[in-house]
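My questions all concern the structure below.
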C-alpha cells in the first residue's frame, strides 16, 4: 500500500479555511460568551485572508499544472484563480456578516462559512467525478444550514427548499456520473476525456451532469430555487452564495465539460447556449416585476448566469478568459449589492423592498452611490468591470461564431436596465421614510468599499486581471 | 446454464422485485412511519443486490449504516413529530401530477433505453475480478491511497452535517423559552 | 459472472431513480420527500456498484460509500430542518411553504 | 474709394449695435440722432466713393475688395467681398440718401414713441443690410443682405407688436420672403456645383458655358427671390399687409429701397437672365401682369397706404418689365425716380396720418388741401410724378421703359399695350386718392383732429425730408431724357449694356401717348371722385374680385397654410403622441407583462421547482439521445 | 493636454462631491472649474495647428492588449470645435444652475462636472471602447440629472430617455465587438474600413437615437420638457453632438460603402425628420416643445450634411453643430427663465413680454433669428453649406431642406410672437421681470459667440477638415 504524495501547498487555501472553521467552532465552546462574536469573526476573517494569500501563491507557483492525490484534484491556475475569487468573496461576506447571526450560534455560523468556502475552493480544483460530487455536497450542506441558521421562518423555508431541490439536483448529477462511469469505466475527468467513448451512454450522462451543474449555477430552467433561497436566506449568506456558488459552479462546469467531454463539444456548447438564452430571458423578465430587492437581485443573478454561460458556450481560451474575468467584478458587485441591502435591512428592521430603498441615496450617500455603481455594473455600463466582462463574453461568443448569442445578450442587457435603473430610481428619485440615524456599520462599509474598488478597478485595470485570467484559462485543455 | 447461475438469477429476481416494490411502497404509503419501514426493506434488498455484485463491504455498510442508523433517525423524528398522514398525489394542480409522472417516467424510460441499447455491447462484458474484490481490505486500501481525499471529505461532510443537526435542533429549544 | 448481466442491475437502478424522483414530485410531506431522495441516491449507488463490477475496479464502490455518507448527512440536516420547522409551528407540507414566491 | 465704401457699410451697423448695447443709457432722441447721423455718414461716404469713381476711366470704375473669408469648405470659398462699380454706387447713393432723409423724417414722426430706440436700431440695421445687398461682390453675401433686409422688414412691420395685425403681417412678410430666399438658395447651389463659385464676375463668365436647362433653372431660382422681395406676382400678397408698419418704414423699405432689390438683382445678374431668354420673358410678363393687377386693385382700396403700396407693386412691375426686356438702364432709372416720388408720397401721407392720429382710411379724410397746404403740394408733386406727367421725374423714367418695350419686338407690343393701360390706371387710382384725401370739404373727423389750418409741417426733420424729396421728385428725372441725353445708361454701361435701344420716334410717340393717357386718367378721376360727373361703375362681381385682391390670400391659405397646419395637427395627434411617444411605453408595458407572466410561474411550490428540473433533465436527455 | 481636458472636470466633480462645501461654494467651485475648462480649451486651440487636417495632441496608453484596446485620445480640427461648443455650453449650463439654485448642490454640480468630462471624452476618443465608455458615462449623470431635478413627469421621461438610448447603444456595443474583433483592434486610427451593412446599422441605431433622428425621437419631447432647463440645454445642445461625432468618426469614416449604399435611406429619414420636426414644432403648445422639435429638425439637417459625402456638407454640418449647440442652449436657458417668471411655458398663457422687458426681448429675438437661420447667421452659413453639399446628391434634398427653412421661419416666429408680442397673456404680469444681470452674464457670452460666428463662420467651416477624414 502506497501512501500517496500529498501536495500540501496546493491544498493550503482549503486547509487555512478548515483551520479557521475549526477554530471558530472550538471558540463557540471555549471562548467566553462575550468574546465569541469578535473571536469567530476575527478568526474567519483571518482565515479568508490567509486562504486568499495562499491561493494567490498557488497561482504564482503553478505554471505547470499537476494532479494532487492521484489526480483527485488539479493544481493549476484555473483552480487557483477561482480559489482567489472565492476567498475574496468570502472575506467580503465575512465583513458583511458582522452582527450576524442574531442567535447564539455565532461560532457555528462563521465556522460553516469557512467550511463552505473550503468546499468551494476544493470543488474548483476537483477533477474526479467523485470528488466533484463530494465537493458539491460539502459546501451545499453547509449552505443549507447557513440558510436556516438564523432560525427565521423564511430562512427555514429557504433552507428546506434549498435542501430538497439541491439534493434532487445532486442526485441527478450523481446518476449522470454513474452513467458516464458506466460508459467509460473512469471517474477521473482527463481519463474520461481520453476514453473516446462518445456513445449514447456518455451523452446521456453528460445530459444529467449538465442539469446538475446548471442547477448549481442557477441557470434557467434549473434556477427556480434561486429567488426563494436568496430571498429567504440571511443576507450575508445570500451575498456569499450569489458570488461564490456561481463562481465555482461555472468554473467547475468549464473544467468538466472541456476536460471530460471534448468529443461531445457540439452537444454541450449548444445546450449551454440554450441555457444561456433561457436564463437571460427568464431572469431578466421576472426581475422586471420584483419589489423585494433581494429577490430582484436573485433574478438578476439568474440573468448573469446566462451572461456567464455565453463564454462557456464559446468553449475557447478566450471564453475561459472571459468567464474568469467576468466573475471578478460580478462577485464584487453581487456581494456589494447584498451588503448594501443588509445594511438597509438592519436599519429598517425589515426586508428591503424598492420602497424601502426610497431616498436612501440621499440619506446614506456612500451606500447609495455604491449601490448605484453596482447596478450600473450589473447593467454592464462603462466605468465598471461589468462592462469589460460583458465585452469579453460577447467577444468570445462572436469569436466562436455565435453572433446570435451576442444579439440576445444585448437585448437582455437592454431589458435589464429597466430594473437596475429602477433601483437607482428608488434610491434617488423617491422620497423615503424619514431616516433615523444609521447604525454604525464599519464592517459593512468596508465590505462595500472593497467591492466598489474591485468593481471600478476592474474597469481601469483590465490588463493585469485579464493576464491572470489568460494564464488561468491556458491550463484547461481546449 | 448451471444451477448456480439459476440460483443467482432467482435471488436477483427476488431482491430486485423486493427492492422496487419497497421503493414504490415508500412513495405510496400515506403514513411516513410505514414509508420509513419500507425503506428498510428497500435497503436490505439492495444489500442483496450489492452482494451479487461482489460488493461485500458496501453491502455491509448499507445494512449497518443506512438501515441501522439513518432510518432509525428517521423513525425517531417521525415518532417525535407524530405520524401525520400525507396522501400521495394530493394537493397541487392536476397538471402538476400528470407532469410529474410524465417527467419521472420519461427519465426512467430514457435511462432504460440507453442501457438497453448498450446492453449487448459493453455492458455485457463484465471484468473477471480477483478474490477479495469488494472486501474490506481492498476498500480500505483504496480509501487510504487513491481516494484519500474522498475519504477526508466524507468525514468533513459528516462533521458539517453533525454541526448542522446540532444547531438546527438546539436552536429551537432556545427559541421555545 | 453469474446471474443477470450488469444491464439488468442498471435497469433496476434506473427504476429506483425514477421511483424516487416521482416520490419527490408527488409527495408533500418533507419526510417522505427525504425518503424518496434516499431512493434516488440508492438507485445511483446501485448503478455505481454495478459499473464497478463491470470494470472490476473499486472506484465505484468507494463512490457508493461516499454517497451513503453524503446521504446520511443530507438526512441529518433535512431532519434537523424539519424538526426546527415543526418546533416553530410551521406546516410540514411543502405545498404550504410558499411565503417565498413570485 | 474702397475705404469710403467700407465706411458706408459699417456706419449704420455700428449705430445699430451701439443703440442696442447702450440700452437705456442713451436717450431716445440720442438714438435717433445716432441713427440719422450714421446713415448720413453712410451717404457722405457713398457720395465720396461716387465722386472718386466718377474721376476714373469707365473701364476702371469697378473695384473689388475682400475683407475676410466668410465661408469656405473644400474648394468652395466665399469672402466678405465688396464690389464697388457704377451700378452699386448708384444704389448706394439711393439707399443711403433716401435712407438718411427718411430716418431723419422719423425723428419727428416717431417722436414720443415708447420704443423709439428700438425703431432706430432697426432702421440702422436695415440700411446696413440694404447696403450689404447692393455692395457685395458675390451671391452668398447678396443672399445674406437679402435675408437681413427681410429680417429688418419683419422687425419694422411688427414694430407695434401689440397689434395682432402688425405681428401677423410681419410674419407673413418674413415667411413669403423666406420662400424667395429658398428658391434663390437653390439657384446658388446649382451655381456652386456648375461653376464652382458664387463670385459675380467668375460666375457670370462661366454661366455661358452651362447647359440651357441649368441656365434656366438658375435664372428661375434667382427670379423667385426677386419676385418675393419685390412683391411681384405670385408672391406679392405680403406687401399691402406690410403697411401695418410705421409710415417711414413703408416709405424706406416698402417703397424706395428694399422692394426694388429684385430689380437690382435682375440687373446685376443680367448675364444669367440673358442666358435664359425664357426666364427673361417671364420676368417681363410677370412685371406686366403685376403692374396691371396692382393697378386694378389699387382702384378700390380705401386705405391710403395700401393704395400707395399697390402703386409700388405696379411701378416695380414696370421695372421688372424693363429688366425683362433688357432695358436695364431705364429700369434702374425708374428705380431711382420711383424711390424719390414714392418716398415722397409715403412721407406726405405719413404727415396726414400723423395729423389724423394714425387714421389711414381715406373715406374718413377729405378736404385736407387747405388744412395741410404744404403737404398738399408735396403730395401733389409725388402724384404727378407717379402719373408720369412731364416734367416730373416719373415721366422721364417711365416713358423710356414704355418706349423700350415697344422697341423690344416679339411680345413687345402686347407688353406695350399693357404698360400703356397701366399708365392710365396709375393716373386714375393716384388721383382718385388725391381727390378723396385732399379734395372736397373737411369731414367732421378731420376737423376734430386738425385744429389749426396751415400748420402742417411740425418738425424740421420732417420738413427737410419731404422738401428734399419733393425737389428730387421733380428734378430727379432730369438726369436723363432718352430722347436727348442718356447719362444713366452711359454710367451703367461698364456694368450692364442695354439690349434694346428705342428710336427717337418711338420715344417721342410714346411720351405723347403716355402723357395723354395719364391726363385721361386724371380727368376720369376728377370726373368720378371730385366733380362726380361720372358714376363709379357698380359691377359688383368685378368689385369684389378687386377688393378681394383676386383671391390670392385666400388661395394661398387654402393651398399652403391650411394643409400644412392640418398635417402638423394630424402628425402631432396621430403619429407623434400615440406612435412615437407611445410605442416605447407599449413595448415597456408588454415586456413588463411578460415579466409578470414569468414571475407568476414562480409559484413558491417546491414541487414545481423540482418538476422544472426533472422535466428539463428528461427533455435534455431525450434530445441528446435523439441527436446521437 | 487632451487628457487634462477630461480629467479637470472629473477631478472637479470629485472635489465637489467629497468636500463639505456649502451651497454657495459648491456652485462657485463648479462654475470656476467649468470656466477653467473653457480656458484650457482655448489653450488647446492656441496650441493647435488649424491648417492640419490630421489627428493632433494624441495620447495613447495601452488598456488591454489581447483585444487591441488602448486609451487613445486626440483632436481633429472638427472635433476640437465640437469639444469647444461642449465646454462652453457646459459652463453656461453650470452657471445657470448656480444662479437658479438647485437642491442638493454638491451632488448636482458634481454631476454636471462629471458630465462635462464625459462629453469631452466622447469628442476626443480615438478608440471604439474609449468612445463607448465615455458615450455611456455621459448617460449616467444625465439619468440622475433628469430624474432627480426634473419636472413633474421626470421619472417617466428619464426612463424613456434611458431605454431608448441604451437600446441604441447596446446595438452599437454588439457592432463594436464585431468590428473590433474583425479588425483585430479597437483603435479608430489603426483599424481599416468595413463593408458590413449590419455593423453600420448597429452604429447608426445608436447615433440615430442620440441625435435623434426620425422616428427614433420618442424620448425627446419628454426629456426636453421635464428636465431642468440647463439639462435640456445640455441634452439638445451637446449630447446630441456626440451623435454627430459618432456618425462622422465611426459610421461614415469606417463604413464608407454602407454609408454610401444606404445614403438615400439616411437622407430620407433625416429629411422626414426635418419636415416632421418643423411641422410638429409649429403645433407644439409650449416653449420647450418648439425648441425640442426644432432640435429634431436641426439634427436632421446636420445628419443630411454628414451624409452628403461632400466637403461642403460635412464642414457645414460641423458649423451647424456648433451653432446649434449655442443657439439651443440659449433658447432653453431663456425658456427656463421665462418659465421661472411666468410659472408656465404654455404659449397660450404668455405674450406681450416685449413691452418693458427690452433685454429679454432682444436676447430672445436675436437667438430666435439665429435659430431660424436668418441669412448671415452662423446657422444660415451651416445650413447653406449643408444644403449646397447635398445638392450634389440630389437637388430634391436641398429643395426639401430649403422648404424646411421656411417652416423654421414659421415656428420660430410663432415662438417669438407668442412670448413677446400681442397683448400681454394671463401670466404676463408685473412680477415678470426683465432678464437679471446674472442671466445676461450667462446669455450674452453665448450670443456674443454666435454673433462672432455669424461674422466669421469660416473660423469653423474653413478649419474643420471633416471631409479630409474620409479621404
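First chain written, first letter: the chains are A, B, C, D and E, and each begins at residue 1.
One rule holds in what follows: a residue touches a chain if its C-beta (ideal position, glycine included) is under 8 Å from a C-beta of that chain, and two chains touch if they have at least 3 such contacts.
Because the structure is predicted, anything quoted here is derived from the model rather than measured.
Separation of chain C from chain E in touch steps, taking the shortest path, is 2. Separation of chain B from chain E in touch steps, taking the shortest path, is 2. Ranking all chains by how far their C-alpha centres lie from the centre of chain D, first place goes to B. The chain closest to the protein's centre is E, with centres computed as averages of CA atoms.
Highest inter-chain contact count (C-beta pairs) belongs to B-C. A straight line joining the Cα centres of chain A and chain E is 43 Å long.
Per-chain Cα centroids separate chain A from chain D by 78 Å. Chain D and chain E have centres, each the mean of its CA atoms, that are 36 Å apart. Between chain A and chain C, the centres computed from C-alpha atoms are 26 Å apart. Each of residues 130, 134, 137, 141, 144-145, 148, 151, 160-161, 164, 168, 175, 179, 182, 199-200, 204, 227-228, 289-290, 418 in chain A touches at least two other chains. Looking at chain C, one finds that residues 10, 17, 20-21, 24-26, 28, 34, 50, 54-55, 59, 62-63, 66, 70, 73-74, 77, 80-82, 84, 88, 94-95, 97, 99-102 touch two or more other chains. In chain B, the residues that touch at least two other chains are 92, 100, 103-104, 107, 110-111, 114-115, 118, 122-123, 146-147, 150, 153-154, 157, 160-161, 164, 167-168, 171-172, 175.
Of all possible chain pairings, those that touch are A-B, A-C, A-D, A-E, B-C, B-D, C-D, D-E. Residues 21, 24-26, 28, 94-95, 97-102 of chain C touch chain D in their complex. Touching chain A in their complex are the following residues of chain B: 110-111, 114-115, 117-118, 122-123, 141, 144-150, 153-154, 156-157, 160-161, 163-164, 166-168, 171-172, 174-175. Chain C makes touch with chain B in their complex at residues 1-12, 14-23, 25-29, 31-32, 34-36, 38-39, 42, 45-46, 49-50, 52-56, 58-59, 61-66, 68-77, 79-84, 86-88, 92-93, 95. Taken together, the chain B residues at the contact with chain D in this complex read 92, 96, 99-100, 102-104, 106-107, 110-111, 113-114. Here chain B touches chain C in the complex through residues 4-5, 8-9, 11-12, 16, 19-20, 23-24, 26-27, 29, 32, 35-36, 39, 42-43, 46, 49-50, 52-55, 57-58, 61-62, 65-66, 69-70, 73-74, 77-78, 80-81, 84, 86, 88-92, 97, 100-101, 103-105, 107-108, 111-112, 115-116, 118-119, 122-129, 133-134, 138-139, 142-143, 146-147, 150-151, 153-154, 157-158, 160-162, 164-165, 167-169, 171-173, 175-176, going by the rule given at the top.
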